[in-house]
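I have placed the structure first, in the form of structure tokens, so that the comments after it can refer back to it.
Order of writing sets the labels: A, B and C. Residues in every chain begin at 1.
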Amino acid sequence: MSIAHRLRNILAEAWLPVSLVALWWLVSAGSTSLYFPPLAEIVAVGWRDFTVGPLVDYAAFSLTNLAAGLAIAIFVGVVAGVILGSYAPLRDAVNPYLQFIRSVPQVALVPLIIGALGIGALPKIWSISFACVWPILLNTIDGVKGIDPALGDFSKSYRLSRRTHFLDMVLPAALPQIVPGVRTALAIGVIVMVVSEIYGADSGLGYYILQSGRNFAVAETWAGTIIVGLLGYLLSRLFEVFEHFALKWHRESSAEARSRT
Amino acid sequence: MNTKETDMNTTPKSMTAATSPDVAPATPALEAREVEVTYGTGDTAKTVLRGLNVTVNPGEFVCIVGPSGVGKTTLLRCLSGLLRPTAGEIRVVGRTINAPPEEIAVVFQDYSRSLLPWMTALKNVALPLKGRGVAKAQREAKAREVLATVGLGDAADKYPWQLSGGMQQRVAIARALAYDARILVMDEPFASVDAQTRFELEDLVLELRDRLNISVVLVTHDIDEAVYLSDRVVVLANSPASVIDTVEIGLPFPRDQIETKGLHEFAELRGRILGEILQSRKAPK
Amino acid sequence: MLRTRTLLTQILVGVLILALWQLAAMSGVLGRDLLPLPIDVFARLIELPFEARFWNAVQLTLASAALGLCIAAAIAIPVGLIIGANRRVYKATRFLVDLFRSWPIIALMPVLVLLFGASFKMKLIMVTLAAIWPILVQSIYGARRVEPTIEDVTASYGIGGRIKFFDVAIPNALPFIMTGLRISTALSILLSIGVEVLASVPGIGYEIAIARVDGASAEVIAYVIVSGALGLTLNQAFAAVERYVLAWHPSVRGEIV
């Protein structure tokens, strides 16, 4: 692809977002509305709170909770999912309960967990992992369930150890299903992270948004909202990059299979 | 679904009168002249077809054979107006085309994808007529009629996926017939059905050609099929592909799956074409 | 016979869960105000349907979720089909769509509370803002993803314009649109309850939040169970609609593709 072609491509994608931001900047300049401060002011207070204010600490608090919660959810979800996916009778026995519990809107549990365990980091991690575990678990079960039975026969006939069978055969085979589950979990995790911090916290980005809103520091509220939004976007893009590499073999082999038919 | 293609369909087909002096007395139904197709540009450019000439006379049955990947489908997309050649031209009854012309109906290899799964067989067959603005009652009557012609009178209200592969391909053929095309262009139409069904469909197409006096261009990699069906076989080979031979098939009509294929001439023609294709593969590039 | 055996094990698992719950609650490790006795929760679940307040809460949650979903669909489906059908529009909007689909809309709540107060209207706007994106993304995807063979068919049979749009493009995108609607249905309930919890807007979430403040843990769990039942019911109802609308589609016919 030539450089000129590439530039044209970037331009075709960038002109609308850039002009919208410019429009917002121009229209809001000199705004005296309490609710819609000038974008310049939003950026300025955001930068101020980021450099000298508490925003870095808050973001670190939010992100470590999210990472810890997600890590627990992945571990529990994948392990339980592989077990349930491999043993049909067990899966059938718990299925109705799983279907029910994953239908509970995850935020309904936030007051329960935080209300009971307090406003520190730990209850938030529990809330996040409890909300995130279900899509991972269900996708893992689906992925393991859908594995070609020939794979099991293969492991048996070559007498692979259980460990090798699960780690080298079952897990990679189920990965194309597990990864989308984690992606869904990530989106839910960010929501629960914000909700839990708005519900009760003394740190975190959600807390920043809530506090500034309560103090009618509207520019800060907007700044916090935009930062959380950009963070959500950044995380999902990062995950896409990870997914791109983790599932390279899957994408290429299925493209190959398609081209053959 | 981009607008460019939509435009292509709605604007009137552009045409150029054929007045060159070298046109044969009887204007060919379909003609490819010095067609070249190159994909991509610069270093990654790949020329698939070069200097390709094919002529199909009115009422003629022409098969295009060649090894897999030689560019048969590319040629067929050019012939049907779906792909504009990089150089050269395609003529339909003497006029140059650069969009799918009304005279041509295409039957695609992949019947499971070429039929719309959300429509019954009847609606699928009637859809091109709807595109022409034919009233509902008329187009459905016509669709029922052609479905009966291909032996699917009872299947009109079934969805494609409720039909066997062979029946689905019959629906696709019926759709082409309902379009009142003068030229049927078929891309490996029987490659995805079982052998028994394949013979039935081959005989069906031969019969329809006789009854409706249409021209048929059929792309296949099966040499037996090509010899069995054709008045003339066009052999493609090499890369970029060009016509290495045009074989007149003088076998008597009506053809019969057992009798025709048992003829000495059949074996001879088959051997000749197979030999040419194998030879072209061995030849140094 | 297999079915009765499965059913028996399922009941067994249920009994096991209840027993563990009972033991945990009696031991008091988590404290009564976090984990009530199962019997108290079931007592509340039986009482709730006789209380007007309960039905009012359910109605308010459902109304905001359903209305928000409908508004979101009415905007997102046509806009998505247009974006997906036009390459240039698709390119220009790609970043914005990507940005907002991963934007945790709940973070906008404090701003909206400032603008509209803790009202039903605010909740409705929140739900709509969140529910738009999955439907939009799927509609765009559906409009862009047309089998090349189908493109060839429409081109070679001269099918274009309105007929192509209504008879080909829309049915083709429908399975994707339905997926978007299903995701957004769950999301709209999630957002309704989330806003009710956080901003004290009447509804199921509000009942959970005040019961929690009152230390009425049986009430909290009872409402959590109700919200789960609501989610499950909507999901099942949606699956039924999908089976009907997409009867022609392989995923519904149970065919392997």
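The rule is simple: a residue touches a chain if its C-beta (ideal position, glycine included) is under 8 Å from a C-beta of that chain, and two chains touch if they have at least 3 such contacts.
Note that this is a predicted model, so its numbers are computed, not measured.
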| item | value |
| --- | --- |
| Busiest interface, counted in C-beta pairs | A-C |
| Greatest separation from subunit A - chain, by CA centre | B |
| Inter-centroid spacing, subunit C versus subunit A (mean Cα positions, whole Å) | 17 |
| Centre-of-Cα separation between subunit B and subunit A, whole angstrom | 51 |
| Centre-to-centre distance between subunit C and subunit B (centres being mean Cα positions), rounded to whole Å | 48 |
| Partner subunit A, residues of subunit C touching it in the complex | 6, 9-10, 12-14, 17, 30-31, 33-34, 88, 91-96, 98-104, 106-111, 113-115, 186, 189-190, 193-194, 197-198, 204-205, 208-209, 212-213, 217, 220-221, 223-225, 227-232, 235 |
| Subunit C-touching residues of subunit B, taken from the complex the two chains share | 1-3, 5-6, 8-10, 77, 80-82, 99-100, 102, 104-106, 108, 110, 113-114, 116-119, 127-128, 130-132, 159, 161, 175, 179 |
| Residues of subunit A defined as touching subunit C within the complex | 9, 12-17, 20, 35, 89, 92-97, 99-101, 103-112, 115-117, 187, 190-191, 193-195, 198-199, 205-206, 209-210, 212-214, 216, 218, 221-222, 224-225, 228-230, 232-233, 235-237 |
| Residue ranges of subunit C touching subunit B (in the complex, touch as defined) | 84-87, 143-144, 146-147, 149-161, 163-164, 167-169, 171-172, 174, 248-250, 253, 255 |
